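Letters A, B, C, D, E, F, G and H name the chains as they come in the text, with residue numbers starting at 1 for each one.
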Amino acid sequence: MREKLQIAGRVFQSRLIFGTGGFTSLQTMADALKETGAEMVTVAMRRVDPMAGGSILDVIDAAGCDILPNTAGCFTAADAVFTARMAREALGTEWIKLEVIGDDRTLLPDGPELLAAAEQLVDDGFVVLPYTNDDPILARRLEQVGCAAVMPLGSPIGSGAGIRNPYNLAIILENAEVPVILDAGIGTASDASIAMELGCDAVLVASAMSRAKDPVRMARAMRMAVEAGRLAHEAGRIPRRLYAEASSPTEGLAQL
Amino acid sequence: MREKLQIAGRVFQSRLIFGTGGFTSLQTMADALKETGAEMVTVAMRRVDPMAGGSILDVIDAAGCDILPNTAGCFTAADAVFTARMAREALGTEWIKLEVIGDDRTLLPDGPELLAAAEQLVDDGFVVLPYTNDDPILARRLEQVGCAAVMPLGSPIGSGAGIRNPYNLAIILENAEVPVILDAGIGTASDASIAMELGCDAVLVASAMSRAKDPVRMARAMRMAVEAGRLAHEAGRIPRRLYAEASSPTEGLAQL
Amino acid sequence: MREKLQIAGRVFQSRLIFGTGGFTSLQTMADALKETGAEMVTVAMRRVDPMAGGSILDVIDAAGCDILPNTAGCFTAADAVFTARMAREALGTEWIKLEVIGDDRTLLPDGPELLAAAEQLVDDGFVVLPYTNDDPILARRLEQVGCAAVMPLGSPIGSGAGIRNPYNLAIILENAEVPVILDAGIGTASDASIAMELGCDAVLVASAMSRAKDPVRMARAMRMAVEAGRLAHEAGRIPRRLYAEASSPTEGLAQL
Amino acid sequence: MREKLQIAGRVFQSRLIFGTGGFTSLQTMADALKETGAEMVTVAMRRVDPMAGGSILDVIDAAGCDILPNTAGCFTAADAVFTARMAREALGTEWIKLEVIGDDRTLLPDGPELLAAAEQLVDDGFVVLPYTNDDPILARRLEQVGCAAVMPLGSPIGSGAGIRNPYNLAIILENAEVPVILDAGIGTASDASIAMELGCDAVLVASAMSRAKDPVRMARAMRMAVEAGRLAHEAGRIPRRLYAEASSPTEGLAQL
Amino acid sequence: MNVKLNGEPHQLAAGASIPDLLAILGFAAGRGVAVAVNGEVVPRSEWRSFRVTDGMQIEVLKAVQGG
Amino acid sequence: MNVKLNGEPHQLAAGASIPDLLAILGFAAGRGVAVAVNGEVVPRSEWRSFRVTDGMQIEVLKAVQGG
Amino acid sequence: MNVKLNGEPHQLAAGASIPDLLAILGFAAGRGVAVAVNGEVVPRSEWRSFRVTDGMQIEVLKAVQGG
Amino acid sequence: MNVKLNGEPHQLAAGASIPDLLAILGFAAGRGVAVAVNGEVVPRSEWRSFRVTDGMQIEVLKAVQGG
């Protein structure tokens, strides 16, 4: 029996969380979503636009996925808390992917603001999944204030740079008692496998699919990469060596 | 329509070549082989041992796979040519995975001996797949003497160190006109994905499966990792950036 | 004319700041200090111990160096502020290397506590040099509250793991308007060179010298490595290429 | 007493060998040479050009350096042997830096041709220093045929990509009984330090200096980097750890 | 009376309710949207009874692609 | 009277001053040390006039290798 | 007569054939094996007719796990 | 007679010696150069005595920046 992903008591078959940013059409997004087999989809909150056609909610409902609103674009704890409350009212879920960023160019989390927002939202009854730095101390403090998971980055959002500091991630993984979900930085399939091999409980993927030349094909790659990485983690890899380790018998060689 | 792997005119559905070294039982090997979906299996040649029970050939036949004999354990061109001829006689195939190594500790190829053996075997009508260094010049010379593919290493056999010099591999891939099969060094699933993402046509995996704590589970991981890496290669990954690239709309933010 | 290091209006000839932790004797420390040519030396504050022989202050005075007290061992802003005030009273300097760590095993900075302490100490008239994470957002916030420099880590204190995330460091360097001093993680000479080549204004070295087999020799290596790295940074390195760039004339070759 | 570099019985104070390619003027080259403190300078052989002004020999003589002719530009053993003999006749030295490359784009060594040329030149009484791949087997075979040193590359000539496969270099260093000189690939000071820290006996530097924005300053950086790396190698670095190692006393902390 | 609706000035008849505002935005149904007045969320249950008054800052948000 | 000096209990005669405490620690001169009472730094200028009273928590710190 | 069979000395009756050797090794069928005499492969088609003579070095190889 | 000198055709008077060739190239002194005729090095000691004949391929090399 393989262990399943559990967040705040909810069980997931899939360890891939689907990010919706960057898809050029809802149809492409829907096709990609189908390929990933994801069960949870994150969305941003913005002002209603009378011009905007189509509803992302219909797509997510049709796919039978849970919705995970996020606070993308918020720079302060106050903005993030307000946005989370609006999302709860609009979408009828206490779950929130909490993002509080420090600037527009790096989109990196602002630790102190993030921690303050997490604390308020937990008190307010939210199931908080914070997008955080690869900072083991911040990750633990987020866990201590009651976050349901921690979502450290591999590298900046959309950078496609993979996991720049696997050591920090390893330290977070060694010490976390809530699920660790790699968020941001995945650029291609092997990045997702590496995250899972390191022991992450899940990964969130958006730009790597939505901005790939063929988003639907990359979505399929991601589903397999997450599964491959998880299986490899469970299977127990061989150690790394400087020298070789013969895979052929050293006995029974012919003599000329 | 996705392009298939073709070596010497033979078409393969699977891009994973199965190495048999290191499995603790034929049953485990058979189960792992089934999981990988491999269509070609490599075997070594050794003196018959009246005591040895079970036949690896039965397992490979039962799995409906092609057999690819190798010259593992040979240190000179002469040994390798002799072993290849014995394999052809014993197994009725012209295909040979050519290995000529330089020492027991690194099991690294001996370039000059390898090139000499390849030349003789091609003249002798063999379909030669040489296990070679990650040396772009040697790879081209092997191609020039008529090898059907080149099999550069990622790192020493059984080291599980992955692809230590992806730059050399990239140069080989840019210039090769025969299939490039990564041989040796794969330690876990993501290593196989990375090889495929770089553009390799296939990978050979042995120790990473046979010596894993759970060989059958790792075999399944490898099948998915190879497929994920190939799909990602076809799908066209996003570029790597130092900074972020927003995945959320920068318009329509609420004002508090 | 080469630009000199300036912190809070004070000019330094040397770009190496000397950490005193881990030396097995004051004599070895004094010899190492001499080799580095450092002009600033950091010290911790602890309860006076009637048994302890020798005074580190005498060694630093004899070497003609400035003293930079630190708050090593503090886990809260309150502890750090108290320790900084005690240091100012004991040593008669407003300069403080601010450390507020999150736990004993990683010794990584606690961002929110660090920021709170920095703010109080700046208000209290201190020249604050905070030991911080490789977090570009936290670095900017520390600069905004008036820190005289930022001291991002390369990797955990004493880990000798070098600069684990040069990308974050590059982002900090691109955006900082105060000196950036690499603190923690240097394991050997090349780590110090790399930090300077990336554009750091200075490096702090302690364990890499004090725990080396030959601390005095390593101290000399560090002095040269910092200077070499700085010179290379000023000299403007060649770009990295995948392929070669001939260094020999391609004309005038002999014809056999 | 520090051990000195010895090649074929000749003792060198400096562990930097000076490559002359790419300098835009003999004067700049002369100034850079002075900064490096190098004692051996390598030159290529080309057809005399009546138009060419100035003599590189005068510069090298004036600097009191030994001359090390090379066979840059040769693609076959025959070309290289001919060029070596011409160099011996022209310059009156048996020393030859042997280069036999496989193509113009990578300038990577052609192993089999290189080995053949080395064998002939050793028989012909030359002191052979072969520019080779980072291939431990080829390095050993070159040593076995009597080369006075081996000169593995870090990465392609002029690529400035540093040491792409430090593992292969480590294996070469563990097994070599002749001096190992890193040749090709150095891009900046830290690359030279890393080579020396790994245990190389010397490094050859050309393009990293000659093509730097400020060649003379980079030359000075290289001298210090080589010395820093060597000192660090001798001093015995601390081990790399995942976690921290406190450099401050954990006793005697104040209690608030 | 004048209000700011998602940053844009609008003239409304006195006594307008939240559904009236949503109609303006073409979201009469109001599925999947949330409304805040002067920074405070107005629960869906109060939409009909809530009376918009002069000078109010109203935000109407919905889920979109992002994150 | 009883005080805690760097975490250790000490008995002192009434009216003891900071220099008296430093003497106990063998730091009469007090060069390079700082003193805090109940978490507040006592400036060197007040050492002579300051009177230690029963139950005080006193910390005396100095510079050591570290960091 | 005496031969070396896979490195081991064996005594054989005169006129032994390859199948006789294989029988010794318990591989009468000889499926998936190859035979070399003094470094030269003996094609399966010649196994019956081939006569082993005194002092021959015989190698009999088969496929095993490896590589 | 006609020779190829460093790849260029040259007309020479019969009986020309190596120094004559070097003069053509402006290297009368010939310091730091080596000469090969038809792929064979001509030792400096034989330069004066060596006679160039029709059709010879002559290479004259010197040290330059490179490598």
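The rule we apply is simple: contacts are C-beta pairs under 8 Å (C-beta built on N, C-alpha and C of every residue); 3 or more make two chains touch, one makes a residue touch a chain.
As the structure is a prediction and not an experimental result, all values here were calculated from the model.
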*Could you work out how many touching-chain steps separate chain A from chain H at minimum?*
2
*Third chains touching both chain F and chain A*: C, D
*Option reproducing the contacts of D-H, where over half of them reappear, out of B-G, C-H or A-G*: B-G
*Approximately how many whole Å separate the CA-defined centres of chain B and chain E?*
62
*Centroid distance [mean C-alpha coordinates] between chain D and chain B, Å*: 34
_Contacts with 2+ other chains: residues of chain D_ = 19, 21-22, 44-47, 70, 72-73, 82-83, 86, 106, 108, 161, 167, 171, 206, 242-243, 247-249, 252, 254, 256
*Which parts of chain F, given as residue numbers and ranges, touch two or more other chains?*
7, 36, 39, 59, 61, 64-67
*Sort out which chains touch which and give me every pair.*
A-B, A-C, A-D, A-E, A-G, B-C, B-D, B-E, B-G, C-D, C-F, C-H, D-F, D-H
*Touching residues on chain E, where the partner in the complex is chain B*: 7, 36, 39, 57, 59, 61, 64-67
*Complex contacts: residues of chain D adjacent to chain F*: 247-249, 252, 254-256
*Touching chain A in the complex: which residues of chain D?*
167, 170-171, 242-243
*Residues of chain B that touch chain G when the two form their complex*: 19-23, 26, 29, 42-48, 50, 52, 55-57, 67, 69-70, 72-73, 82-83, 85-91, 97, 99, 206
*asked:* Looking at the complex, which residues from chain D come into contact with chain B?
replied: 101-103, 106, 108-112, 115, 133-138, 140-141, 155, 161, 164-165, 167-168, 171
